[in-house]
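What follows is a set of structures for review.
What follows is a pair of complexes built around chain A, which joins chain B in one and chain C in the other.
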Partner chain A sequence: MAVMTMRDALNQALSEELARDENVFLMGEEVAEYQGAYKVTRGLLEKYGPKRVIDTPITELGFAGLGVGAAMAGLRPIVEFMTFNFSILATDQIINSAAKMLYMSAGQFKIPIVFRGPGGSAYQVSSQHSQALESWYAYFPGLKVVMPSTPADAKGLLKSAIRDDDPVIFIEQERMYGMKGEVPEDVDFTIPLGLGEVKREGSDATIIARSLMVPIALQAADELDKQGVSCEVIDPRTIRPLDIETIVKSVEKTNRVVIAEESHPFCSVAAEISAQITERAFDYLDAPVKRVSGADVPMPYAKNLEKLAIPGVEQLVAAVREVSYL
Partner chain B sequence: MSNQTTERGGKIRDAPASGTMVEPDLANRQAGRASGAALAEPETLSEDKDTLLDIFRQMLLIRRFEEKCAESYALGKIGGFCHLYIGQEAVGVGAISAIRPDDYVLTSYREHGQAIAKGMSPDSVMAELYGKASGCSGGKGGSMHLFSSELNFLGGHAIVGGQIPLATGVAFASKYRQTDQVTLCFFGEAAVNQGAFHESLNMAQLWKLPCIYICENNQYGMGTSLERAMSVQSVAQKACAYEIASELVDGMDVLAMRHATERAAGRARKESLPTLIEARTYRYMGHSMSDPGNYRTRAEIEKYQERDPIKLFTSVLKENDVIDDGQIANFEKEIKEQVEHAVRFAEESPEPDPGELYTDVYSMPINN
Partner chain C sequence: MATQVVMPKLSPTMEEGQLSRWLKKEGDKVSMGEPLAEIDTDKATMEMQALSNGVLRKILINEGDSAPLGQPIAIIGEPDEDISELLKSAQTAKSAKVDAAPAKLPESEAAPPVETASPAKDRDQVRPSIAPVSGDGQRAAEAAPGGRVLISPIAARMAADAGIDLNSLRGSGPSGRIIKRDVEEAISGRGKQTAPRLRVVTPMRTGKPVSFEPSAYRDEPLSEMRRTIARRLVTSLGPVPHFFLTTEIDMERAADLRRSLNEIDPELKVSINDVVIKVAAAALMQHPQVNASFQEKTVRYYEHADIGVAVATDNGLITPIIRSADVKSLSEIAVEARELATRARARKLKPEEYTGATFSISNLGMFGIDEFTAVINPPEGAILAIGAMSPKPVARDNQVVIRQTMRVTMSCDHRVVDGAIGAQFLQTFKKILENPLYLFV
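And then the complex of A and B:
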């Protein structure tokens, strides 16, 4: 184990997989000479050369589609979006080509590609640069969607994503790149896609959180512990496939659920998880499932307004108390 | 042989375009500058007899296959959208005849003809149109999504221009692996107005990718004519924005298409460079089977039918004593049987098993 930032854990995963398989290459805006807009790809150009670490023009639809085509012909592209905000330009290729090619061709063309980059809220960059898009991508059968919340998860999940034969949307949280944690150094350390993790055990209520909301949920659980409420915190880690079993098992134990997310609430991943809990564990619920989502507004710039738009510890504490009728 | 059927890029006399013609020299200059290739030389029949007859046979097969599709569609046997290739056969057949079997082809939703030209059996294509399990895409793709991994036919893509970045990526993979395979990418002229076209051409020249972009300019994007949709109506001319070699080709002349593609394939294989070919052609049928074609006149269609690609090639072959009426009748008979066989095969094939609904979503099944 070594202690490192999420940024460096991701870098290690990329480097190890580039070393492991000649067919893996990395492309995106500023990934090579500039060393990555967020320095996730630092040093990779030097190690693997310009054939495999490629700076692209600002042409998201074009290079996303180029990646899918390269995958059709047997390569394993890692396509970085400088931020997932820019993936919106590439959605035709992600959705209509990457997600559907295997199906439309009756299994003839696999698309082993990873689209990765930072997503979710950032610091004071306003509406177009600060948003959570996971529910868009999770909506489409054919795509897998991964959102790590610790450096170790980031490394293990990214390595699995690169080795996966299907298109994977890998959303890193821009605010979490500097977060530190212990990371296994074994080059064969991977975490299977579709396997959630109980980040904290508890007995009175379950908080389901992903990405940036996991550390916030853990803080809320500490606070609630002081108030005599024992919280279990579950991180599904992969949105699709979703580890609903781990979630249902926890609901059966605690009978109370809060789902935290920074995305907008309407048609969100929390809405989906809530529906699945209702379908599978209705009889175990002692209170309606409570969602704590980001504000249903475009992200504002002003610091105070931005803070109000993202769920915090206090809101989670209040939500757990609400479902506990406290 | 007759001139008017085989003129090269830059010397089209009976130009099919009803709108502004491209300034042909410009297209030549582009090709010349980028590749040094001498163009517009007098044409002679350089192919052997078998090759010529095979090209003829393929064009005729595609014509009769598409006519049968129209019939089956009218009978309700084929569902959804169905875009026919009638009138454009010379483009696909000529271009694909110029590449190797291991080269790649990607195209749009008007792709029955190119699939057959790439070697896919009429049986498997017709069965796909019928939505049958024996179809080339297992009945999951339909008319617009034909695939054959075995023959490197990489689809059938139904968002206008969507295949252009994909083809660029396939060419990227060939270069990455240092194979000398080339990729043909077909699209209509309406796709040229999409960002995907421009983004792809920029990357293709920037990274020197062996991709041959073939614009089938049939002059209508669904019901909107070229003049109503494109500010600069020469597609070939647009290549200069990316310093890509380009050629304007008479898309009704199958040998012109073949030879232009041979030049482009040589450039792609030897120099790893892209080419943009603009093939002036015309579709006789509507955009799809549901299009009554009220935006153009019968007289306009008839004008283009005078330069029908099969008719033109027939006269070239006859003038050069490659074929006679008896042989044509034999071909017609064989092809009729082949197409009828395809229909019977499609009719008799089973529908996909209901269990297939949930297969091929992911490479390994997932639970949730």
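And then the complex of A and C:
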């Protein structure tokens, strides 16, 4: 076990997988010479050379399509989007090619591609650069969507994503790149996709959170503990396929749920989880499922407004108290 | 054109039905012939089919509520049609029926319509309620606007499991919603109430007299089946002049027959009751005056023996019928009796399968009952009550031997069957059962 930042954990995962399988290669804007816009790919060009770590022009649709073609030809590309906001341009290749090629070719072409990069809010990067797109991508059969919230999860999940034969959307969080945590050093340490984790056990209420919201949920749980409410915090880790069983088991125990996310509320991942909870655990609910989502507005630029647009500890505490009738 | 869905007559004796389960929700598309709901009738749960196409616009009665025949229970129409007129006439029809026959709907009026989620397993709509405990226990449910009781799913289930009457709970959630905490408090409150009773017991050691309070009890609403059984029995034992004939039968040869048949073909699984049915049918053919029914102005004599076989189910007694048992073989009777009993217990009998027998047989032998008197199923003329078969000492040729013996009691409707007629039938029945070879001659 070593303590490292999420950035370094991701770097280790990439490096180990590049070493393990010569078909794995990495491409994106500034990933090679510049060492990565957020330094996640630091040192990789030097270690593995220009055939394995490739700088692309600023053409997301182009290099996403290139990646799909490379995958069809037998390689295992990792395509970095500087942020997932820029992936919007590439969605035709992601959705119509990567997601559907296995199905439409009757299994002849597998697409073991990983599209990775930071998503969601950052620091005052405003409306076009703060979007959380996981519910967009989770909508499509054929894609897997993964969102780590700790350095260990980031490393284990990224390695699994790279080894997975399906296209994986791997959404990191810029604000969390500097977060420190314990990470196993075994080169074969992986975390299976589709498996959630109980980040904190509790008995009175369940908080479901992902990515940026996980540390906030844990802080809210500490605060609520002082107020006599014991919270269980669940991080699904993989959005699609969703580990609904872990969630349902928790709801059966606590009878009340709050789902926290920084994305907009309409058609969000929380909406999907809420629907599934109602379908599977209706008889265990003492209160309606409560969602705490980001504000339903384009992300403001102003610092104070940006803060208000993203759920914080106070909002989560209030939500848990509400479903607890306190 | 929007149409009202009314409570249909799903069985000849049905007078009202209980809505067991809606199979469609408001807003669902419905086509003619599609199952719309499951309705509890007097004898079985039946599927009701939609008689028109459209969208289920409004559900007018909730699961668990009863409605007499013809009462509107739902409205089917186009998605955007105006159904206000139909709704209005449905409301007046409902209240008119309620005013006209208040005794008919005691269950659905006693408890205010409750918006609960019945746990998936508990389809039997038993709403237990405990006797109100004296003291501070009495707090009426704070009714939400519209008179509904709001309750969270888990609270509803906890209350049902603990046997707590929802009317005794006050909801502390929004709009008076009863929540888990309210039920928990009611349960622990009850615990406090029962604790003093334990203290009453200990004075026994000091020799002081102990007084116990009257037993606690719970009231369960009658299911349709229970209500029907009650109604029919009252029209039997009261009005029908019963008399009873008993005889003891040597069952050695019948038991042998059964054993032999089952050895020849283990698949047959013939039971003593199957033999009894066959023999009764044969006896009825020789005594057609017993295979009869009092019809007020006439006596009806049947050509075949359609024998009703009493089956005990979780919900009550029901008698599926083996038609023309006189012409069926023993194996056919055995298979049919088994199949009917299974379906009876699963409440899957069709009305024509349990109405219209010419004669009934009830067997309580498997419960160790030596003999009993059964109540006639009107309008049949008689019923045979079969007791347990057991080895008994009997006199044969001036010697005491052990024989398998069975006592049967026949109940007869004196308006159709006189003492001698009934006795002669029973004599033949006994003769054939003691010597099954008579079935061949």
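Assume the second predicted complex is superposed on the first by the 326 of 326 C-alpha atoms of A that agree within 3 Å, B and C clash if a C-alpha of one lies under 4 Å from a C-alpha of the other, contacts with A are read in each partner's own complex, and residues count from 1 in each chain.
Everything below uses one rule, namely that a contact is a pair of C-beta atoms (placed from the backbone, for glycine too) under 8 Å apart; a residue touches a chain by one contact, two chains touch by 3 or more.
As the structure is a computational prediction, the values presented were derived from the model and not from experiment.
Do chain B and chain C fit side by side on chain A in the superposed arrangement, or is it a clash?
Partners fit side by side after overlay.
After lining up the shared chain so the two structures overlap, which partner does A:282 touch, if you call chain B first and chain C second: first, second, both or neither?
It touches chain C, and chain B stays clear.
First (chain B), second (chain C), both or neither: which does A:293 touch?
In the superposed model, A:293 contacts neither chain B nor chain C.
To make sure I follow: the centres are taken over C-alpha atoms, the vertex is chain A, the ends are chain B and chain C. What is that angle to the nearest 10 degrees?
100
Applying the document's definition of touch, where does A:97 land relative to chain B and chain C: first, second, both, or neither?
First partner only, chain B.
Answer with first, second, both or neither: which of chain B and chain C does A:325 touch in the superposed model?
Touch status of A:325: second partner only.
With both complexes superposed on chain A, which partner does A:254 reach: first (chain B), second (chain C), both or neither?
neither
Which partner chains sit in contact with A:106 here, chain B, chain C, both or neither? Use first/second/both/neither.
It touches chain B, and chain C stays clear.
Just checking: does A:59 make contact with chain B only, chain C only, both, or neither of them? Give me first, second, both or neither.
first
In Å, how small is the closest CA gap from chain B to chain C once the two complexes are overlaid?
23
Does any part of chain A touch chain B in one structure and chain C in the other, and if so which residues?
none
So in the complex, the part of chain B that touches chain A is made up of which residues?
Residues in contact with chain A: 104, 106, 137-141, 145, 147-149, 154-159, 162, 164-174, 176-177, 195-196, 199-200, 202-203, 206, 356, 359-364, 366-368.
Show me the residue ranges of chain C that touch chain A in the complex, using the header's touch definition.
For this pair, the touching residues of chain C are 117, 119-120, 152-155, 157, 172-173, 179-181.
Taking the complex as given, what residues does chain A use to touch chain B?
25, 51, 56-57, 59, 61-75, 77, 92-93, 96-97, 101-110, 141-142, 144, 165-166, 194, 240-244, 276
Across the complex, what residues on chain A touch chain C?
Checking each residue of chain A against chain C gives 255, 282-287, 325.
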